[in-house]
Amino acid sequence: MSNPPVPHDNAPFTLPSETAERIAAYGDRAAPAMPVAGTPVLEARDVSKYFGRVIALEDVSLTVRPGEVNCLLGDNGAGKSTLIKILSGVYTPDKGTLLMDGQELTLQSPRDALDRGVATVYQDLAVLPLMSISRNFFVGSEPTKGWGPFRRFDVGEAGRIATEQMLEIGIRVRDPSQLVGTLSGGERQTLAIARAEYFGARVLILDEPTSALGVKEAAIVLRHVIRARAKGLGVIFITHNVQHALPVGDRFTILAHGRLAGEFVRGQVNQDELLRLMGGGEELTELAHELDQLMSADARTVEEAATHAEAVPTSPDEPLAAVEAEEVLPPEG
Amino acid sequence: MSAETGALPPSRLRAESPLRRIASRPEFGALIGAIAVFLVFGILGFSSSANLGFQGGFLSLGGAAGYLELAAQVGILGATVTLLMIAGEFDLSVGAMIGASGMILALLLGTYGLPAIVAVPATFAFALAIGALNGWLVIRTGLPSFIVTLGTQLILRGGTIAVTRALTAQTIVTLPASAKDDPLLKLFSANLLTIGTARFNIELLWWLGVVFVASWVLLRTRFGNWIFAVGGSAQAARYVGVPVPRVKIMLFMATAASAALFACITVPQVGSANVLNGTGFEFQAIITAVVGGTLLTGGYGSVIGSALGALILGMTNLGIFYAGINTDWYQVVLGLLLLMAVLVNSYVLRRASGAR
Amino acid sequence: MNIKKGVVALAGLALIAGACTSSASSSPSGSGASADRSGILIEVVTHGQASDPFWSIFKNGVDQAGKDMGVKVEYSAPQTFDMNAMGQLIDAAVNKKPAGLVVSIPDATALGPHIQAAVQAGIPVISANSGSNVYAKLGVLTHVGQDEGIAGQKAGSLMKAAGVTNALCINQEVGNAGLDARCAGFATGLGGKSTVLQVDLNDQAGAQQKITAALQADTTINGVMALGPTGASPAIKAIAGLNLAGKIHLGTFDLSKDVLDAIAAGNLDFAIDQQQYLQGYLPIVFLTYYKLYGLMPGGGQPVLTGPGIVDKTNVATVQANTGTTR
């Protein structure tokens, strides 16, 4: 499978053909041209959160409907983490309300949110490396057999289900009691997603799932985001990587400095605009210019070195000497 | 979906031989350590035991009764302290709790003449309350449990000395003569079996019971899974809905209760409670946990391993004695042996899990 | 990592081997030691750690007696003042089937059963240092030591003769019945007012502060009685710190360099010396001759090694032998 082309100009990012075909196979639900109608399964309305004098969030709203992916974008420090912690029950908002299926609700704790079907997968805290796959899969919701003081954690059942679910997401687990640390980063993220789905989540909140992953692994995770959407879950996908967000998002919510910077539906916005709204656009363009200058300066220096090297009497090692000369010269400019 | 599962990438894990699987368990290193310690002291004490026809010395029933008793006492503490360490916390107040609960037992029985049926539950109630307090303080303040329990240790120890002297003007409180025959107290301190000079007491059964229950809770219950999760990352555990405060408070209550059990076992045997009882046992309990394969950082460990660690500690304590080693060197030898036991344990674990 | 572990393991084994050989008693060098004495093993279990200067001298007595008698002696003590551990050590000592056992009895209730088990196993037991009022009913053959009550009274009467009416009695080892008896005897001998002050022998600086505070709180105190060197040293410093040296009568039990220097300088009136070297030495002698010929002095009564009084008149001799026998 070919790697995605590296964009070096302003051309829009395109998926490799195989993946694009598979997404197309999902039909309209995978890439709707219009926003999906219906009551949002989870909504934050005009939510504000303060930490002492720091304004973490001010009047932020976000909605997610079943079968829809809402990409929550924003640079570091924009308030994305705070917003999802409110949605997952870790924090309570200082102002504003949360609604589920149109009904107002207060979430007392992460357990409360989980019980209502809001599952969150955090970037670093998705799994516990020193525990086995089956224990990780069921942590917090362990299956039991027996009752009273003899109620015990059904290790056998947990292992069986975990292996089954992992197989469904494409990871063959030889032994469910193997430590989760033996899985790669992408596999761990997908375990967490599979876990959330298995426990009947209606809303899946993914906190920067691809930020620490390589290209191939990021593609695996994105594939599962789409799968979750196809199953009818509402997905909130937080990232600061626009290139990952664009192919999968139905809706884009942008936060900047704790406030709502924009809300778009797929097709209404392109990469440049998103970057600009996120607050990183100008800096990136400047950086691109600087890098261009550096690269052309380097190219000139290399040419000069090559002409100098040619003036030296030839020897069998000449090609080597030329290469060495190039590497040794420091870049100027 | 079928297109995806058609060609699975091969599993990233090589097949493991059953021997290697056993060797990767945290208990295995402790088992090797225990066998090694037994061999070392068996060899050192061989001639003196042989001269006595194996009726005396390290390699005798009397010798075994001795180190098993030591192992049982520290092992009861070690089992619950291990659970707490797997959850990522320390309890430095267990030693002081041994002294305090022992003194409460003796004061209620001796100075106030209450029956054991009142004194024993009261002692446990006290311990559970202080344990809950420890847990609550750790949760509430967010401070490292190392510091919090160091504070409660001083308060408990100081309180024991102060209150005892205020009530009795003494530092040792004796049990009444009737305590020797009290059935409830006998439950903790009765003699099971005596062969010659070798006395095997009921504390061995208590040790086995505590280890069994603690290990079962850890490996076979939901709560045990929560213990691992909280130790791995309290925050991550909280985010998946594990009741972290409840887990920690209950574990602190367990360590305090095991200290009270230790006191109920030793005070009737000795016939009195001393304000200094239990000094240093908090570290011995931690040693049994570490020697048994529990990580100091939490999230991984074994109660069976800590039981083996207790056995190693018991054999080492008496083995040094039977080997005729000059007691001036006692602490040096003990420290070296413990270092070696921990090194052996970590070496075996790493070789077995194929990490290096 | 393998090499490091190997080095540690070798170092450990070397130390163990070294410690083993250093403890085995040297073969009898003097004349008159018959060949069958080296098979005699005498176990000594006390509550005193060798890090304590007092017990170091006791142990010197034990070791020297072993050499002089040509017998094997082994000394052990629990790491902290822990009667449970001491009982276990006595059981283990009995399990070595020695020819004789020497024990100190700081807590008769705790250690009684273990000592009785030793007696019932047919092992002759002598008590030393503490237990002067309990040894007989446990089946112990004799007690070599100082009667704490008698010694305390002697100290009290010495202070009374010096004109003390209000004294502090500094107890540095909470839980030791013998020390409690000393303070009690002292109060009786003094006749006046006597208050017990608890300090921790492991915390010299803290002890000094506590004594200073107590002296400042009650300025009518004109006598301070320490019960050991670890109580005497901070007392000397506290009194000097308040510039009361020579104005407050200071006495102590047992000796140390600080104590002897203070006596020589006139800052300490007297020290009650229980001559613990003899407490370590004599029981070995008695048990050896008991094993060989059935001889046992005392007639059931204690063999007293004190109170010896060390004051300005004899301090020089004592200083010459400090740390080894005195």
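As written, the chain order gives the labels A, B and C, with residue 1 at the start of each chain.
Note that contacts are C-beta pairs under 8 Å (C-beta built on N, C-alpha and C of every residue); 3 or more make two chains touch, one makes a residue touch a chain.
Given the structure is predicted, the values throughout are model-derived calculations rather than measurements.
> Select the category (line, ring, star, complete, other) that matches the graph of chains linked by touching.
line
> Does A-B or B-C have the larger number of C-beta pairs in contact?
Of the two interfaces, A-B and B-C, more C-beta pairs touch across B-C.
> Between chain A and chain C, tell me the centre distance in angstrom, where each centre is the average of that chain's C-alpha atoms.
Those two chain centres are 73 Å apart.
> Hey, how far is the Cα centre of chain A from the one of chain B, in Å?
About 45 Å separates the centre of chain A from that of chain B.
> How big is the gap, in whole Å, between where the Cα atoms of chain B centre and where those of chain C centre?
So the centroids are 33 Å from each other.
> Quick one: which residues in chain C touch 2 or more of the other chains?
Not one residue in chain C touches at least two other chains.
> What residues on chain C touch chain B, complex-wise?
Checking each residue of chain C against chain B gives 1, 5, 8-9, 11-12, 15-16, 19-20, 22-24, 50, 74-77, 79-84, 87-89, 91-97, 107, 109-110, 112-113, 117, 121, 174-175, 177, 180, 198.
> Could you list, by residue number, the parts of chain B that touch chain A in their complex?
Contacts found on chain B: 1, 3-5, 8-13, 15-16, 216, 219-222, 224-226, 228-229, 231-233, 235-243, 295, 299-300.
> In the complex formed with chain B, which residues of chain A make contact?
Per the touch definition, chain A meets chain B at residues 22, 88, 90, 109-111, 114-115, 120, 122, 125-131, 135, 138-142, 144, 151-153, 155, 167-168, 170-175, 178, 182-184, 223, 227.
> Please give the residue numbers of chain B that touch chain C in the complex, ascending.
Interface residues on chain B, with respect to chain C: 40, 44, 48, 52, 55-57, 60, 62-63, 65-66, 69-70, 73, 161, 165, 170-172, 174, 197-199, 266, 269-272, 274-277, 279-280, 318, 321-333, 336-337, 339-340, 343, 347, 356.
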